[in-house]
Amino acid sequence: AKIGVSMAKFDDNFLTVLRNGMIAQAKGMSGVELQVEDAQNDVAKQLDQIKNFAASGVDAIIVNPVDTSATQAMSDAAAAAKIPLVYVNRQPVNVDTLPDNQAFVASNEADSGTLETKEVCRLFKEAGKKEANVYVIMGELSNQAAVQRTKDIEEVIATPDCSFIKIIDKQTSNWDRDQAQNLMTNWLSTGKKFDGVIANNDESAIGAIQAMKAANIDMKTVVVGGVDATQDALVAMQAGDLKVTVFQDAAGQGAGALDAALKLSKGEKVERKVYVPFQLVTPANIDKFLKKN
Amino acid sequence: MTDIVLKTENLTKRYGGVHALEGANFELRKGEHVAIMGDNGAGKSTFVRQITAVEQRTSGQVWFDGKEVNFTGPIEAREAGIETVFQNLALADDLDVPSNLFLGREKVLFNLGPFSILDRKYMRKATEAALVRTAVKIPNLSNTIRHMSGGQRQCVAIARTATFASKLIIMDEPTAALGVQETAQVENIIRTLKDNGEPLILISHNMRQVFDLCDRIVVFRRGRIVANLRKENTDGQDIVSYITGAKTGEAELAA
Amino acid sequence: MAQTSHGVGGVSYDAKKRTWPAEFNVFLALVILVVIFELIGRVFLGDSFLFNTRSDVAGLFNEARLQIIILQVSIVGIIAIGVTQVIITGGIDLSSGSIVGATAMIAMSFAQVATVNGNPNPKAMFLAQGWTDLPVMVPLLVAVGCGLLAGLVNGALIAYTRIPPFIATLGMMVTARGIAKWWSKGQPISFPTESFAAIGKGLMPVIIFLSLAVLFQLIMTYTRYGKHCYAIGSNEDAARMSGIKIANHKILVYVIAGILAALAAVVLSSKNLTAQAGMGVMYELDAIAMAVIGGVSLSGGRGSIVGTVIGSLIFGVIISGFTFLRLDAYYQEMVKGVIIVGAVVLDQWRQRMRALRA
Amino acid sequence: MAQTSHGVGGVSYDAKKRTWPAEFNVFLALVILVVIFELIGRVFLGDSFLFNTRSDVAGLFNEARLQIIILQVSIVGIIAIGVTQVIITGGIDLSSGSIVGATAMIAMSFAQVATVNGNPNPKAMFLAQGWTDLPVMVPLLVAVGCGLLAGLVNGALIAYTRIPPFIATLGMMVTARGIAKWWSKGQPISFPTESFAAIGKGLMPVIIFLSLAVLFQLIMTYTRYGKHCYAIGSNEDAARMSGIKIANHKILVYVIAGILAALAAVVLSSKNLTAQAGMGVMYELDAIAMAVIGGVSLSGGRGSIVGTVIGSLIFGVIISGFTFLRLDAYYQEMVKGVIIVGAVVLDQWRQRMRALRA
Amino acid sequence: MTDIVLKTENLTKRYGGVHALEGANFELRKGEHVAIMGDNGAGKSTFVRQITAVEQRTSGQVWFDGKEVNFTGPIEAREAGIETVFQNLALADDLDVPSNLFLGREKVLFNLGPFSILDRKYMRKATEAALVRTAVKIPNLSNTIRHMSGGQRQCVAIARTATFASKLIIMDEPTAALGVQETAQVENIIRTLKDNGEPLILISHNMRQVFDLCDRIVVFRRGRIVANLRKENTDGQDIVSYITGAKTGEAELAA
């Protein structure tokens, strides 16, 4: 079977693992041919890719949506071409009205920022802090995961349980380690006292850690949290610099999506929704994740 | 005073430390053809650029057609009725000959503001007619100006100026690149203008031409007007001595 | 020497020796590209790029492919029509992609429905104000207004402060992207009305693109506006001295480019049934590349809309061809760069050959 | 009229009336910007932008801020040095950001350690081959090689096929980004050796940036290479007719730009202890903007490295100023665009004033 | 045959349908000064561009300095010893005067390949000396060429050609924009070249100048050489009739 895959972007650490999970799965099966395209984070390009797949007559399409609210047009396009479609990793907005031969395999993005911030909050309490000041490093402002995770952080901090945490400032690093490093150095130049940094992703957290280390800040005194559980992040955690990150089973999602697509292409029924939960990673359970991403 | 077409008082232009034009007092009367001569870098073109407002003058005043004028750009000068052949010709290299001739005042079929439809046939015909008067040969009018010879370019610029009615024509070295025949034709055009009573300022290095065509000769030297002589009261030798500085002094005013 | 004419007197001119329009070269590059894909397809995949090899559908050509080739470049193509005019006047417009983003966000928020599947629209911006289910003219006018405003700012900056167009539009690029992100704080805006959604449905983008292209090709060739674009791009000083109102003209050009970008935003968000702040990123570069591949000179004064349309088709063929060949995505970008350069090299080479042979 | 000189004969020349170097304007824009931030800070935040208001550290200035202002633009600044030379010759380089990405990936894979925290390096590219813990010269030479190659391709395309630099480098931009993604199939490459990590540590990027800037400012002013850059940018035909070997020179210019981009990649990946395929995205635009803000003319022939350095400082001040003012991230981009344009408008305005007053 | 410096056979250039130059046969001997005259657009500059390889000829052959040459560009022509003042001057607008004079052959202090250090003092001095010979006045040598008057630009181009040793000098309308004094000076320069036995091709529309300075006159018309006359065997009237086409026919060859 020929399967067309459109990924939101290629140069994203997490999505790369997801994609590789899918490719590894396909290699193990005979007669499965994957055609993976890079939508370069462009909704319109993604829609065009689906139409290009249709023109090439693939048997099923897997989409890792750039934008979960842009999926209606994609569903329509695939339905018009009578080709099964599986969304992966990001929950499409039209999830309740998906046609019969469409499905999705995704995680609930709202969990990641919540898990991260709750753990940061717990660590502060454990350290006996009555008041904690934090900086928030956001991802790309036009990206939903960034918007969602930032919202999660704010919601957790708004709960009475964690309301002793104050956000000094929140700025964007565009997911980028270098920008995060520069941003953190700029913050350090203001001389404000702070107790932690909550970042939207691990790369930004690592950038902040590097800036703090360059400024000779004792990493035991600050709590830094990220999301993704990348290899670099896990190493930073082993070194005691990063305190919290959140794992998402990328490879598992990829493989699951491929499974669903193959079944749909054969006309079989599949579960409409598959949720793969996020998992909190701390020094306590890090060993479980070392080989995963 | 009423027959004075153009008058400048104390017209001055400096480029940084370069004093290109210093206190020029100049008058041009109705129907008069005046020549401006002077060394290279004497300030002749600078004088023209101030009058036509291609540049903004440092100080001084200009009267044109009876009133003081402060043009903010060459468009205004042109709209007021000053047609100029600039030394650098001011042609659009990528356009063909008719487009250049009618640049900025295209003939249109319907007026739809900026989106007016051009009357291309008419412009082509008119261009051919205008070029015939200069005797220049241009093998293909649809070639771009970029691909024209030096003289061809100059003839296009002259034809453009001669095609449209105006109150004052200024030509900055119009025949510099022209051949023998073309020069003769352009001189004929200038004579026709004279007969029609149209005033003209001619900048030229060609003594014969100046004496043939003009009533009065103004000499620039180092940014200053050093002589202002009626043709009858002077000769080539005299002019040269003003140009080189052998004779000096704010010269006797001709009437 | 055959039949010669003498223009206005002068050297011999062999009128039969017509020069090909510059667009011909670009068209040739397009044809070569299609033939290459067709050949590779036949030889290595046993499949046809353009022709129909499936039994379940009728027709000589693979219509789905023909459609997507042009459909996928229609939106950037609309932008490229404006960008072409800007470049012909000697300018450049880096802001079009961001204008698309900002306009899509703003216009879409006036095109939303009140209820989705019986629930209140979760993404509606102006639900509280009751500005939902508005007639399609409202978002359209809002979009045109946005494009006009952005173009006006670009044009006025360039015309009056004389800063380089690169900087003015770079500033607009950054600012408009900021506005796009700020408008809904990064949230996408979705669920448009039926009538708005109709604008980008099916082949509508193609129809809009091609109509605009024809319109502006005529304008560039037959009107004073077009003539002045070429004149300013060719020699701005000369144009100024000839009495062309440079400032007014430039403002008009950038306003047109802005409005075209805004129209592209409408088509784009309608086609995708959503608007998001990241829309249109890098579109400006693609649009410029389409124009240049189509023979528009970046130093101004030369080029045509027709050329740009052919340039956009080259893009479309590249993208569809890659998917057709099932080329690994990693190689696609590398090869795409090579093909863009190759198309222009071919064009240059033919022009030089012609000049030498002439 | 005071003291006048007559040059080689001719009209009076008032030698005392010196024209300010063009860089002065840009510097003024920088100072104004700093003053604005200082004032806003004092009035609204009760804090100082540049001066030290803390009791726990010594010194007049807020040294941390002074450092980060320049540190954060050093890497793009290194690129801008090369881009400035390219623009002065009348070209443009859109590929530098992608060259950074590709070079960072490739060079970093030769700079990795074998073991991290006792485990084998999970990200090592050439663990199997045993190419780990190599001396720092290896990744450095690999980087220079990458930059040289990319520059050579750019330069040769532009010099020999005569395609516009915009297209040649756009092709390289797309291709090099493709290579960056393909090299490790999208995976980041991390954990470099100590000696490699030292290149980007602390203020090293600043030192590298400023040394290169001084070096190339001298080269542009005092050597034949510099003179020919200006000559080609000013009038390529004239330069060709005067016997300058245009092709060779252009290739050299693009090679230098490529190598500088590669050095920036080394510094960047060393500073961040990682290389990622997305590194350097949009750096080319920032670098070009720095140059243009610094007074480099996009039509070629005018500008200087000193100007570009000041342009880069304007960028640095903007970024740090925003964080200092704790400006909402959503507004930052909007304001940044306005400031970029404002800096250039100020420059233009002063130049025109000077021309009028002269 | 050994004293022939330059020879062309059947040199032809077409631009698309424009036959700008048709089968030109031309010879120049050691120490000879030859003038080329002809209408605007007759193909004079085209002829120069083919010899100096600014463009590639359509057909025909060129011999220079005893051997057949096929220059691929103006650099090669220059390296072979042909110095040219082009009609469009070939100056870099954004550079100052000394830089333009030494463009492409800067004097260096140390040779470090492309990164050789320039000897700026020497070049400035040499520029002043070279410009004095043309009598042009330039108030500030550090101003860019963009800001020079038409005549000043032309003088810089002439000074450049006269400063460097060469085997053949070609000047395309060198005095077109020059003033009276400057023209006289440039004519002196040309006379000095004659005295030194350096061969020269002078394109000019100025009959007096041509008869003053040259040994032989070649007339172009519509892309063809229509006359080739020794100065002694002709006069202005005769030449004009060839230019205008009143007299035609491949003219009697002068020796």
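A, B, C, D and E are the chain letters, set down in written order, and residue numbers restart from 1 in every chain.
Methods note: a residue touches a chain if its C-beta (ideal position, glycine included) is under 8 Å from a C-beta of that chain, and two chains touch if they have at least 3 such contacts.
Computed from a prediction, not measured in an experiment: that's the story for all the values here.
K.L.:
When you check each chain against subunit B and subunit D, which touch both of them?
P.N.:
C, E
K.L.:
Count of steps on the shortest touching-chain route from subunit A to subunit E?
P.N.:
So the least number of steps between the two chains is 2.
K.L.:
Can you name the chain that lies farthest from subunit B, using the mean of each chain's Cα atoms as its centre?
P.N.:
Chain centre farthest from subunit B's centre: A.
K.L.:
So which chain is farthest from subunit C, going by the mean of the CA atoms in each chain?
P.N.:
Result for max centroid distance from subunit C is chain E.
K.L.:
Averaging over Cα atoms per chain, report the distance between subunit A and subunit D in Å.
P.N.:
So the centre of subunit A lies 32 Å away from the centre of subunit D.
K.L.:
Between subunit A and subunit B, what's the gap in Å when you average each chain's C-alpha atoms?
P.N.:
Chain centres of subunit A and subunit B, defined by C-alpha means, are spaced 71 Å apart.
K.L.:
So the centre of each chain is just the mean of its C-alpha atoms; given that, what is the distance between subunit B and subunit E in Å?
P.N.:
Spacing between the chain centres: roughly 28 Å.
K.L.:
So which bits of subunit E are touching at least two other chains?
P.N.:
In subunit E, the residues touching two or more other chains are 15-19, 39, 41-42, 88, 136-140, 222.
K.L.:
If you look at subunit C, which of its residues touch at least two other chains?
P.N.:
10-13, 177, 181, 185, 330, 332-333
K.L.:
What residues in subunit A touch two or more of the other chains?
P.N.:
Residues 10, 38, 141.
K.L.:
For the complex, give me every residue of subunit A touching subunit C.
P.N.:
4, 10, 33, 35-38, 40-45, 47-49, 51-57, 66-70, 72-73, 81, 93, 96-97, 140-144, 146-147
K.L.:
Touching subunit D in the complex: which residues of subunit C?
P.N.:
Subunit C reaches subunit D through residues 94, 157, 161-164, 166-168, 170-179, 181-182, 185, 285, 288-289, 292-293, 297-298, 330-338, 340-341, 344-345, 348-349, 352.
K.L.:
Tell me, which parts of subunit E touch subunit B in their complex?
P.N.:
Against subunit B, the touching part of subunit E is residues 15-19, 37-42, 44-46, 87-88, 136-140, 143, 147-152, 154-155, 173, 176-183, 205, 207, 222, 240, 243-244.
K.L.:
Help me check something: in the complex, which residues belonging to subunit D touch subunit E?
P.N.:
Interface residues on the subunit D side: 5-13, 219, 222-225, 227-228, 230-231, 233-235, 237-245, 249, 252, 300-302.
K.L.:
Could you pull out which subunit E residues touch subunit D in their complex?
P.N.:
Subunit E reaches subunit D through residues 52, 54, 73-75, 78-79, 84, 86, 88-95, 99, 103-106, 108, 112, 114-118, 120, 128, 131-132, 135-141.
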